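In what follows, structures are represented as structure tokens.
Shared between the two complexes below is chain A, which has chain B as its partner in the first and chain C in the second.
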Partner chain A sequence: MTVYNLYIFDRNGICLHYSEWNRKKQAGISKEEEFKLMYGMLFSIRSFVSKMSPLDMKDGFVSFQTSRYKLHYYETPTGIKVVMNTDLGVPNCRDVLHQIYSTVYVECIVKNPLCELGGTLQSELFSSRLDSFIRALPFFSVRAA
Partner chain B sequence: MSRQSNRTTDNKKMNSELFTLTYGALVTQLCKDYENGEEVNKQLDKMGYNIGVRLIEDFLARSSVGRCHDFRETADVIAKVAFKMYLGITPSVTNWSPAGDEFSLILESNPLVDFVELPDNHNTLIYSNLLCGALRGALEMVQMAVDVRFAQDTLRGDNVTEIRMKFIKRIEENLPADFAQHIRIGS
Partner chain C sequence: MAIFSVYVVNKAGGLIYQYDNYVPRTEVEKTFSFPLDIVLKIHDEKVLVSFGQRDGIRVGHAVLSINGVDVNGKYTAEGKEIVEYLKDPANYPVSIRFGRARLTSNEKLMLASMFHSLFAIGSQLSPEVGSSGIEMLETDVFKLHCFQTLTGIKFIILADPRQTGVDALLRKIYEIYSDFALKNPFYSLEMPIRCELFDQNLKSALEVAEKAGTFGTGS
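After this line comes the complex of A and B, so read on.
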């Protein structure tokens, strides 16, 4: 099992943070384009899911998977969106994504008055904490193959 | 394991006197800096707002509160969870307007005013106005535009301290125009 990459978006669709670990295939477009494409898709899925659901939903959109990867989605009531791509063996990671928000984003960004909210995050502390958090996950393992 | 220990240091309780006295020093300084009480009220509201937009993230990270579905639920969360967490008090929620878009928080005790006596020349000052800003800022981040103001204040001779909250509108989330274009490119 492994983690491919992770995006954090704010409520205006700005990509606050992107990092990748075991991504073998790049999108072939600029990162900026990729973030917009990703956010546009998430936005559409969210409205699709809420319109198509035959019942009232609690969590809304949670994840989707293809033949090769799984995309996990978590959104806070303030509109911060944490998106993580993993391989198919990884179970529901809502708790993990919430922890990234509460123990890494809130602790290192929100509680740091020098970090402006609403732009690309430049805090090194944040990046390194996030990196070690992800590497410590039970389903994170770097496999060469 | 390390995550666990983080949580406990996070939730550490602090003596509220330090907070109360720091806030008092802030208000005193603002009163020196600005001549009229109105301007001080405005500055307190602004500072509160800036605190509120960050505080909401801390609040959501610590509590497992999800999105509120109506204003009554919001009122409950503010009074029973948020005030308890940050000020150690639980205001009562009363005076609902018939439409359900307006209510009052009655504060039996306000930790901000523990050692305060207002001198006569500050009759326009709303001492705890920072709270209004914080409430407004926090709610704005969860897509609610709300008008918050002090209706009564024991410091100014009223029997109770009352914060009046009025729901104005839901802030809609819109997809910026250039994103719509990218959805088409993507499809």
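After this line comes the complex of A and C, so read on.
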């Protein structure tokens, strides 16, 4: 089991943070375009799911998986979206993503008066805390890092 | 345990078959007096609740009928605009039925081709080599399972998150498609499936799957 990469988007679709760990393949496009494509896909999935749903939804879209990876999605009421790609063996990650938001993002960015909201996050403290948080996850193993 | 719907999408992203296997449950009928304490808005040619959630009427629910007569998109059965109709005090008290909007066949076509592109993007954004597109998409109320055949046809099932044996059911539906659509001399490839035997066998396969939850591998 492993974690491939993690995206954090704000409510306007700007990628606030991106980091990767054991990613094997790049998308073959520039990072900016990849962020746009990822956000666009999530945006469409959200509207797709809300139309498709036979019942009223509470959390909405949670995750999807393909034959090779699993994408976990978590959105706060303020529209911050945390997206993590892992391999298929990882169970439901909502709590983990919520923790990333509440213990890393809120503590290091929202409570930091020097961090400007609305653009790429440059806080080193945030990146290093996030990195150690992900590396400490039970399903993060350096299988072939 | 339930299977909600089945979609079949051809390799170009066109919807060629759709079947709904559920009855909508969340419908609420209430009588209102003037002025209406629910804020309505028009979205996608439907009148939706945008504010004033109460008594089982939720934000996002659509106006389904007025005084027991079904509405037609954003118009009443007589052809007046619903929003205008509800502004007139003379029409009150009025009984309105709210519920989740049923998908029109146009919307279903659109959603099917939307999934077709999401499927492709899902494989492009893969962090691993050789990934397929979306095979299973999970939300808190349903799971969408997708099976793409080698020839590019996608079979999509919307089911309860606890439903088991959906992958076997997808392969069973592929088998039914090969047996009763492809082998039907009047069926032309890539076109909507209108075959009675296909319908019948699909329905019985869904019934079996809902009852048992699983399929034998050989069936």
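Throughout what follows, the second predicted complex is superposed on the first by the 144 of 145 C-alpha atoms of A that agree within 3 Å, B and C clash if a C-alpha of one lies under 4 Å from a C-alpha of the other, contacts with A are read in each partner's own complex, and residues count from 1 in each chain.
What we mean here is this: a residue touches a chain if its C-beta (ideal position, glycine included) is under 8 Å from a C-beta of that chain, and two chains touch if they have at least 3 such contacts.
Note that the coordinates shown come from a computational prediction; the quantities given were computed from them, not determined experimentally.
Counting residues of chain A touched by each partner, chain B versus chain C, the larger count belongs to C.
When the two structures are aligned on the shared chain, A:Leu37 is found in touch with chain B and with chain C.
In the superposition on chain A, contact is made by A:Gly13 with chain B only, not with chain C. Of the two partner chains, chain B is the only one touched by A:Val110; chain C is not.
With both structures placed on the common chain, the touch criterion links A:Ile45 to chain C but leaves chain B unconnected.
Counting contacts by the rule stated earlier, residues 37, 40-41, 44, 58 of chain A appear in both its interface with chain B and its interface with chain C. On the chain A side of its complex with chain C, the touching residues are 4-5, 20, 23-25, 27-28, 34, 37-38, 40-41, 44-45, 48-69, 71, 85, 87. On the side of chain A, the complex with chain B involves touching residues 11-13, 33, 36-37, 39-41, 43-44, 58, 76-80, 99, 101-103, 105-107, 110-111, 117.
Residues of chain C that touch chain A in their complex: 4-5, 22, 24-26, 58, 60, 100, 103, 107, 111, 114-115, 117-118, 121-142, 144, 158. Note for the complex: chain B touches chain A at residues 3, 6-7, 53-54, 56-58, 60-62, 65-68, 141-143, 173, 175-176, 178-180, 182-183, 185-186.
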